[in-house]
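Here the structure is laid out as structure tokens; the discussion comes afterwards.
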Amino acid sequence: MIQPITALARMSAAAALAATLLAFPAQAQDKPKELKIGIATFLSGPASVFGVPAKAAAEMIAEDLNKKGGIGGVPVSVSFIDEGAGGEALVSNYRRMVQDDKVDVTFAAISSGSCGQLAPLAEDLKMLNLMWDCGASSILEAKKYRYNFRSQANGTPEMLAVLAYLLKTKPDFKTIAVVNQDYAWGRESWEIFSTALKVMKPDVKVVAELFPKFGAPDFSTEISRLLALKPDVVLTTSWGGDLDTLVRQAGQRGLLQQSAFVLGIGESSMQRLGKDLPDGLIIGARGDHWFLHPEMKNDPAFKAFNEAFKAKTGSWPIYSVYHMQQAFSAYQGAVEKAMKANGGKWPSREQVIDAAEGLEFKGWGRGVSLRPEDHQGLEAQIVGVSKTAPGYDFKVLDDMMIFEPKAITTPAGQKSVDWLKTLPPDFVAKLNVQTFKHGG
Amino acid sequence: MSARLLSRWAIVLGVAVAAIFPLVLPSWATLITLILAKGIVVLGIIILLQAGQVSFGHAMFYGVGAYTVAFWERYVGAADLMLFLLLGPVIAMLFGLLIGLFVVRYREIFFGMLNLAFSMVLWSLLEKLYHYTNGADGIRVARPALAGISFSPEAFQYVLLYLTLALVLVVSYAVQRYLDSPLGHMLRAIKSNETRLEYLGISARRILLIGYVASAFLGGLGGVLVAIAQQIATPEFAYWTKSGEFVFIAILGGTANAFGAFAGAAVFETVRFFASAQLANAWQLILGVVLIVIIMFAPNGLIGLLNRRKAGAPS
Amino acid sequence: MSRVLISARGLKIRFGGVIAADGIDLDVIEGENLAIIGPNGAGKTTFLNMATGYLRPQAGTVSYLGRDITALPPRTITKLGIARAFQIPQLFLDQTVMENMMIAAAAQAGSMSAFRHLLDLPQRKEVEDLLDLVGISAYANRKAFELPEGQRKLVDIALALALKPTVLLMDEPTSGVASAEKLGLMDILTAALARQKVSSVFVEHDMDMVERYAHRVAVWSSGKIQVVGPPAEILNNAEVRERVIGI
Amino acid sequence: MDSTIVILAICDGLSYAALVFLVSVGLSLIFGVLRIVNVAHGSLYAYGAYTAATLSLLVAPVSPWLTFPALLVASILVGTVVGGLMERFLLRPVYHLEEVLQLLITFAVFMIMDNLQRMIWGVQPIFAAEPVKLLPNISVLGVNYTSYQVLVLPLVAVATLFGLRYFLRYTLSGAIIMAVTEDREAATAIGIDAKRVFLVTFIIGASLAALGGALASPTTSLVPGMGTDMIVLSFAVAATAGLGQIEGAAVTALVIGLARAFIIYIQPELEVLVPYLIMMIVLLIRPMGLFGVNNVRKI
């Protein structure tokens, strides 16, 4: 046991030294020399399809922010930990980030699993944490947190918007089947969708509920089964390689033509799927953002952002990129609001948190607000259909509807599933939304 | 002899570092707890390696331990840490007995394979039975009270650390005694000559079963500790790569005696910790290379290295 | 009046085309050293395998003190009092000679502790005496794999003796032992057997050994016991000389 | 369960079984000769897939039909280079060590390859479906199948099976490999150059794994970790069949493939369990596997 431990001792003695040198206590009043932002994202594993672009975005945004003088005049620095390294490494690294590197805020994380693991830890460590991408509504519904906020919407409005779009555009379907990844998001999103569907269209028959293993390489059997069952609608909230494979295999075998497909969060796969994605599939954007956002697409800053990202990474931003932007905007908004409240003096973390409650900030869409009661983010939802468009070698969104958050988000203090059961059958009819054409 | 003496000092130093070090760097309290807890699991692997049997499914008992806590909290309610420390290992032991009765009839690769199969079945069930296990995301584990006293997060990580340290000392001592005992030597005899063992009137299967159940117990104990330190239990706990890690750590540290387990765990976790912090996308690579180097140049593991250099032949 | 210890009746076994045993009847009588001689591959070792449950005869029975042991596994038969030494020594190579012996002693005494140190068991003294007796105390703390073939052979036999058997089956006890030491070894061995009142069966190729140490000789060839009798008589039997000994 | 489902399940089971067979037969072959369970076998599968995809995307512009040979080239390339290097420089030096350590070496290789894979091909899913698109769809009872999956894959698997049989039974190198598989000591005793046999066998086995991956690549997205599950599955098949059993692997792969397909129709939740349950039941009844042989140690 000698060698490793002494080695370990040496390393961490160094670490301790470093820590003391680098530590800028973000206590009230005294202005720090830099704001450290610790970000948990997927750098390995399947979900790195979101994590890696988001990392690129974070670096880009931080750089840009510092050019503009940083947050409240303080430059920001970003560091990353890998959600893909597994629960243990994630927790250990998060602790290190908070306790040794003394970050001022953390953005964690993408997977609801990681959020469920890190949110209570952040609470323990009294660390302001923005759940910048994870979608499970339950986290903030089950427990009241002080230090955790969600800087975007959650699964309930996302699914509800998709369902509403389906009911508005294809109201008369009789049968539906679901093919979701077998993990929390896949299960929860279906629970939300099906609960709401039962309320609004009790006559619809669910002919198959398939939950193939997360990361399954092959869906041919599931597809055969769906081809045999011939459901009117097939819903999937899968993403990444799973969704790509499903769509392609289904396309190769004519399933996409046979049944109406709904890709709950398909926006992130459109560029990869290219021409393999047929026109007319219903696609959710997981929020109020899309690189051709009908209300934003002429905003020079927005265009510049997208161009810069395309130049940096070779592809247009996907939702995780915009969620990263929202996290930055939220933090900046909170700090600057707190400063104002603090008479221009540098705010303490507690003051920043007080400011964050009820904060309104703007990402690359309509405004987002952090609900004071339960810290849920209120964000609009874009849903559209895939469409071939000149100038793009992949499908884009058309006939986009933007759903305002108020109506489709679970009220504070209620559990999503219970709330959904209370929705009136004419809920969708009552939702009045604008529809935007691509390029229109 | 001096190798023994050396190991003594190694332990003293190791314990000292494990005990004092986190007071300097709080964030290390949990990491060291993890190292020690995993070391306990690896002790179980080492026991089986005495008999020349490598289990590529041992993580299943680790998983059983972890989920004992998770399920209890989810379906029964909060309970004292002491209860978990008792319950987890015992239930793992029962699993070990059931599965053991089956697998001890096999040797070498088939032994490894069957353990693998069993662990994969457990893993699949944990992943698939979403409504009971919460699937791949696992079940959150709340911080339990110890002997009726509930601690603040900061205090608790130290409580858990020192408790784990104490447990490590106890189980290491017990395992060392076991390995030196008749049963332990008979276990080693399975590796070198099972036929002769039978011709001494000893049932190799029974001997192996005892070792297997003991190692399951340790796996369960480690699982409980890690689940509580991490405040979560996920199917990953039982996945085959996890089993691989444990065997990895055993070989890394050296299987000659109990201390190898902790030496190995310390190196493994520290390397992974720093690697995944500094160069997040190369930590597996680094660990892989470390493993190859160790196997090729120090097949007796770090402990072996220690003994060889400082005291000639390993004990 | 000395009892029949092991009694084989009509043992048959064949491996593919080879008939190793084709109706073997053989008794081992208390207090004797029974030698089995015969050409290589005749099936002598197979007999020991069947007598100790390592192989199942395709027909026939083996009984020990009147109890049918044909279907029993080696460990049970060993427990009944039939110990075995092997042609190729079967040792725990990466443990010391003392540990090898203590394991046997522990097994014999049924002390299956998980906490007492193997080397501190009360049987230690007996084991040391036994090592003295067989003349390998010098090797006590050496790992078994470090020993020369001859010494391993001794340890192998000592292991069997440590079980305090009633009958000891030995497969060519002196093969691999330097011819100069053979006599010495067999003297020690037979003395030990006599002292501990252990009957023995030994498969042997060296006719001097047979002549010196066997009370009875069984000639095994082409799957049958050709003839059984006192050494003097058998070894002078012309047919035996020419078919087995090859003179 | 009506006849439609039976027929559909068979179609689905076949294509799945074909891939599983290719991978596990390679594993089995390697074990038969080297007595090593190659944990990195799944990584070879992944590398086969990625290399095939890369090549396909390269040659597709020239002529889509070139993607078929590309699949083959990729697998041989991976098998020879990766497999060859691995045997020569990582396994050969440790043959004298305990089995555990040899196994661990392959585990280390698995970790390294898994990591390198991310570095080489990145984490974004890669897809190269040319071969599938080139061939027409077939309708079975009104259900569309790609002929690639229901014809090409099974045919390749069958061809491989008979190819291997022929190679092992009727060619010299094959006979030598069989000899080593059946009795290593004897074979080396009569002067067979084990080193060479090991290398050749490992390359063949590795190429088979890579071939499995290459053939899978047109039908699936290539993502990090795609090899990790495959390895355990092929373990299960190889062990169930009896290690070193070529025909056994084929039969077992078929059984597991079909069983899995049926389960997805009847009780999808149990899908993941199927291979392991089958394995355990078989080994319970036949410890050496369906086709394995048990030999008594000589004393």
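All chains are identified by letter, namely A, B, C and D, in their written order; residue positions are counted from 1 within each chain.
The working rule: a contact is a pair of C-beta atoms (placed from the backbone, for glycine too) under 8 Å apart; a residue touches a chain by one contact, two chains touch by 3 or more.
Not measured: the values here are computed from a predicted model.
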| item | value |
| --- | --- |
| Remotest chain, subunit B as reference, centres from CA atoms | C |
| Chain with minimal offset from the mean of all protein Cα atoms | B |
| Length of the line joining the C-alpha centres of subunit B and subunit C, rounded to whole Å | 43 |
| Distance from subunit D to subunit C - Cα centre to Cα centre, in angstrom | 49 |
| Computed distance of Cα centres, subunit C from subunit A, in Å | 76 |
| Interchain centroid distance [CA atoms averaged], subunit A/subunit D, Å | 38 |
| Overlap residues in subunit C, where contacts from two or more other chains coincide | 54, 86, 90 |
| Set of subunit B residues in contact with two or more other chains | 127-128, 195, 281, 283 |
| Touching two or more other chains - residue numbers and ranges from subunit A | 43-44, 211, 213 |
| Partner subunit A, residues of subunit B touching it in the complex | 6-7, 9-11, 13-14, 17-18, 21, 24-28, 30-31, 34, 127-128, 130, 134-138, 140, 153-154, 226, 230-232, 234, 236, 259, 262-263, 266-267, 270, 272-274, 276-277, 280-281, 283, 302, 305-306 |
| Subunit A partner contacts - residues on subunit D that touch it in the complex | 4-5, 8-9, 11-13, 15-16, 118, 123-125, 127, 129, 132-133, 137, 141-146, 149, 216, 219-226, 229, 260-261, 264-265, 268-269, 271-272 |
| Contact set on subunit B toward subunit D in their complex | 49, 52, 54, 56, 102, 105-106, 108-110, 112-114, 116-118, 120-121, 124-125, 127-129, 195, 240-241, 244, 247-248, 251, 281-285, 287-289, 291-292, 295-296, 299 |
| Touching residues on subunit A, where the partner in the complex is subunit D | 43-46, 48-49, 52, 210-213, 215, 217-218, 220-222, 224-225, 227-228, 240-242, 244-245, 248-249, 252-255, 272, 276 |
| Of all residues in subunit D, those that touch subunit B in their complex | 31, 37, 39, 90, 93-94, 97-101, 103-105, 107-112, 114-116, 118-119, 228, 232, 235-236, 239, 243, 269-270, 272-273, 276-277, 279-280, 283-284, 287-288, 297, 299 |
